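What follows is a pair of complexes built around chain A, which joins chain B in one and chain C in the other.
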Partner chain A sequence: MSLTASIQGPIRSIVRRRHRTEEATVGWLAVSPAVILLTCLLFGPAVAVILFSFTDWQLGAATFHFVGTENFAALWADPPFWKALVNTCLYVAIVVPGTVGLGLATALLIEASPGLRGFYRAVHFLPVMSTMSAMAVVWGTMLHPSIGLVNRALAAFGVSGINWLRDEHTALLALALIGIWQGFGFAMVLFVSGLKAVPQQLYDAAAVDGADGLLDRLRIVTLPMLGPVTMFVIILTASRAFEVFDSVRVLTQGGPNYASEVLLNRLYSESFDYLRTGYGAALAVVYLAIVIALTLAQARFIERRVHYS
Partner chain B sequence: MAEIELRGIEKRYGEAPVLKDVSLKIKDGEFLTLVGPSGCGKSTLLRIIAGLEDQDAGEVSVGGRPVDGARPKDRDVAMVFQSYALYPHLTVFDNIALPLRTRQLSFAQRLPLIGPLLPGHTGIERSIRKEVEQAAAMLDVAHLLHRKPGQLSGGQRQRVALGRAMVRHPTVFLMDEPLSNLDARLRVQMRTEITSLHRRLGVTFVYVTHDQSEAMTMADRVAVMMGGELLQVGPPEELYREPQDLRVAEMIGSPKINIVARAHWADDRSVLSAALAPQAKHLAFRPEAAVLITPADGVTNGTVTDLENLGSDIFVHVALRDGSETVVIRTTPDERRFSLGSTVGLKVDAARLMQFDEAGRRCGNIERVAAA
Partner chain C sequence: MSAHRPRYRLAGRIARHVLLVVSATFALLPFVWMISLSLKPPDEIFQPDFHLWPKTFHGVENYRVALTAAPMLRFLLNGVFVCAIIFVLQLMVCVPCAYALAKLRFRGRDTLFSAVLVGLLVPPQALAIPHFVLLHVFGLLDTYAALILPWIISAFGIFLLRQFFRSIPDEIIHAARLDGLGEFEIIWRIMIPMSTPALAAFGIFSVVAHWNDLFWPLIAVRSEDISTPALGILLFRDDEAGQFLGPLMAGATIIVAPLLLAFLLAQRRFIDGLATTAMK
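This part shows the complex of A and B:
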């Protein structure tokens, strides 16, 4: 018996080892499509961009030289870059609360109304489905200083409008409002589905406990129960706001005097207008670092507060 | 003070009637259970008492005061829900404190950040803390006050829900199947805890359940509901001994009451000796109201098809003659044993035989009810 046992031991371990290798092979085979795609489409380009950011390559040039951190030093000393960074942060700071607030308010109103819910949902969702660059043209017309709908409407009330997109003080704000208009429908849809998941018994309990006013219900039941959805909406809206580009490109090109310059438009101009690919790559690296850091920080910070179990 | 009176309550959802002319008086300090199968309208009735739903017709009064149209918080009732309905983002302390805060603090004082700075806030909060700690101690959850509901077991959540209900000393407790989410052992334990809570608080309890054993063991009086109607209201032993409706007889008692068509007893002397009413169609008896004897003439005979030995009792399943009807007889281990497949005679105690007419209403020896 001891003999068989002493033989069986090693055999079993060989079998187990072979089994394990097989399992590993199957595992790698299973993930290979994703790995290949991610490498080609995400990691590869990212590594390439990081490499380019240390060169003086220009788009279309046959040769390039490694220049160390020269591009990053230039970036650091470049006032338009700082302007773009501050503007992007401002844009996010306006668009995120605006989108979340408007989306939540619309969702609450739609859920409270007895009829036509599907219609209202669809209408408010339309901007999400539309192409931003096309809609930007429409907004450009609406905000036109003399023939635009906005200023005409203001004129009807005796207010003389301004040239929204050409005024240093309003250009970024106008772009932010367009951003809110485009994004709040998506937030609304998420909030509506979140509202449907709030258990009715909690509202009943709140009513018996004396919290039956609108504000009490919101404070004690609705808003806390929407916590996870809200976190999701905030992260999503923030990352989308951070990559604002189409509307800026179509409507203001970052002007006037960099008043509406944002990171991605800066990146595009440097890389494709001025063909300074190395410099543009450095911008892209900085942009990527900021976005990753923000997302991680948000998820860490908010996640702790909204999941209750 | 907290007597509840329901008069002619009607409720329908669309075309479907849910409650049909329900009238019921619940005495002050009484523990009443509403029992019935799911969909019988018992929860709807409870929600109407709570004010969470409006009746289509009829009146509700609590403590002699009509409360129709009054909001739940103005009815002085507390409710415990099947899913406990605790606020998941609040600690146990804040959950229990909530009904006190909404009542004692003004809206401004309840606001976060600003509220605590307003005059009067500290004093009220201090008295609330005392009340919450008292309630928590009574329910043995004092050590859990800083936890969130997600970190508690089912039984602990149930206690917190009870604490939230009792902390403001309501005169009426409404409970909607509060134990059905617990496992069997905990359920039996919580039963006695709830009844002892009732004794200590001395207020009116209305308790909805679909479990007849819960209804029987906990209540002073049981109200049996079916199809939106109240079939019978009475103390548990009355419902068990003298059901006035075949459906009540079937609902109450485990194992179920034996119901055998009258035709089956055509030549049973002991059954025929009971004064059978001419309209009696079904004869029913509890498992302990008959004994098994050796088969004989003039006795209903049958075959033993199953034996359930519970230790203290043995339930013998007997198929009557052609096998179309089976009855369950309770025997004790000390009695004579019958093996599976053996033929036995059935001797029913005629005095404990219940008669029901075609529609399922009690008939025959009904006058004994009045005496009981």
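This part shows the complex of A and C:
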């Protein structure tokens, strides 16, 4: 008994250790493709783009020199860059309230009663699924100064329309409208799943307390309970809006006179139209830094909200 | 709602439909406009008075021009091919990695998971220049490989699947090991069948993202032959035939139709899939 116990221990630990090393081998085997690809396609390129940003390299050129922070200094002094940064923020500032507000309103309406619920949900979701570059082409014709639907409709009310995408005052606004059009169905779907999670007891309790009107229920129960989802939708919409590119590229290329220039279009033009690789890389580094900073700030913010609510 | 007051209830229901029809019109308008124009002859498009349905039906001609002047169907097939290959390769890389991160113990596991989390932060557009250079060095620009290679690693896919695999009880895996299954058999015969909802969600997310992507194809590809749908419609617009609005709108309809039809056929799957991947 004592003999078997005394040898069982070591045997068991040998068996376990063998199993451990085997498990580790399999583990390494299983992750090795991912590790290699993460290195070659994600972290390697991330380091490379930072290195490029300190050189004067141009795509196709045989030689390059390290120029220190010259590219960043040029960026700092470049009005189009600032215009792109400000426009991107402005675009986000218009698209986020528009998308979230419209998404919330449609979600509340769709969930208010069961009639045609599935139909409305599908219809509002269609823009989310549509290829933006093709739909941007379509929006281009809708916003066309003479034959476009928008100006025809305005003309019916005796209002003379303008060339929305060629006017410095409206180009960014028109792009933001397209952004809202594409995104609000997605916000709606997220709000609907938030609404489904509101417990019925809360409405019953509110009714007992005399709050059984539509607006009372909305104010006392629904909207406070939607707080976390709303926060999430705002963050998601903002980060998607920050990446705006397709509609700008297809419709305005950032014009007229940089009135609709945004960061990703700037990045694309400098890197692949003008082949200023070093400068484009500096832009990419700035873009990378902004996105990472925003994401981390959001993560911290969400964590705090979840803990204290 | 005020269940005791039927008249309010009726008014409320009518108001709901009225408002939803307004917002639905906003959502549908571009599609209706696109299809309407795709059926019209040029002179009718430029007429001052607008009719939804064409007076002279010019649909057949417009769609014929769109299909013959540019390889529209080729764009769609390219889209299917590229998206399918990307997704299959993503699974081949992500599934074993996610399994190991979720269920196996080995040195460096936590470091690797941290690396995946950091990888989640990196926007792919910022890596376009190095990816372009890499593909140039290997002579792969303007090939299918250029469209596919940068995407075969997905930090998001690893993260999503790892979270799902963790929710599968260890007992099932222990039982499978006792039955003599190796780790890769466990992945293939147990983890994959048990995680179809997560795989479907990731698949929908991946396919929708790459079908609709314009940024990367614009950089990586020049030839019509390997263009994906999002790029194809722009090549057609810059083409001679694309100057005419009827064929251009017909082309746009052909480009957006497949994904919209797929969505209409499997609405729940798409909405749930995209909502869950967004929530992670």
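In this text, the second predicted complex is superposed on the first by the 263 of 309 C-alpha atoms of A that agree within 3 Å, B and C clash if a C-alpha of one lies under 4 Å from a C-alpha of the other, contacts with A are read in each partner's own complex, and residues count from 1 in each chain.
The rule we apply is simple: contacts are C-beta pairs under 8 Å (C-beta built on N, C-alpha and C of every residue); 3 or more make two chains touch, one makes a residue touch a chain.
What you are looking at is a predicted structure, and each value in this text was computed from that prediction instead of being measured.
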item: Partners on chain A (chain B, chain C) - clash or fit; value: fit
item: Chain B versus chain C as contact partner of A:292, first or second or both or neither; value: second
item: First, second, both or neither for A:168, with chain B first and chain C second; value: neither
item: Angle, in degrees and to the nearest 10, that opens at chain A between the C-alpha centres of chain B and chain C; value: 90
item: First (chain B), second (chain C), both or neither touched by A:273; value: neither
item: Comparing the two partners chain B and chain C, which touches a greater set of residues in chain A; value: C
item: Closest approach of chain C to chain B (Cα atoms, Å); value: 5
item: Intersection of chain A interface sets (partners chain B, chain C); value: 212-213
item: Sites on chain C touched by chain A in the complex; value: 1-2, 12-13, 16-17, 19-20, 23-24, 26-31, 33-34, 37, 45-46, 50, 92-94, 96-97, 99-101, 104-107, 109, 112, 115-116, 119, 121-123, 125-134, 149-150, 152-153, 155, 158, 182-184, 187, 208, 211-212, 214-215, 218-219, 229-231, 233-234, 237, 245, 248-249, 251-252, 255-256, 259-260, 263-264, 267, 270-271, 274-275, 278-279
item: Residues of chain A touching chain C in the complex; value: 20, 23-31, 33-35, 37-38, 40-46, 48-49, 52, 59, 102, 105-106, 109-110, 112-113, 115-116, 118, 120-135, 137-139, 141-142, 146-147, 149, 152, 181, 184-186, 189-190, 193, 212-214, 217, 232, 236, 243, 245-246, 249-250, 264, 267-268, 271-272, 277, 280-281, 284-285, 287-288, 291-292, 295-296
item: Chain B - residues contacting chain A, complex; value: 47, 50-52, 71-73, 77-79, 81-83, 85-90, 98-99, 102-103, 107, 110, 148-151, 164
item: Residues of chain A touching chain B in the complex; value: 199, 201-202, 204-205, 207-213, 215-216, 220-221, 224-225, 227, 308-309
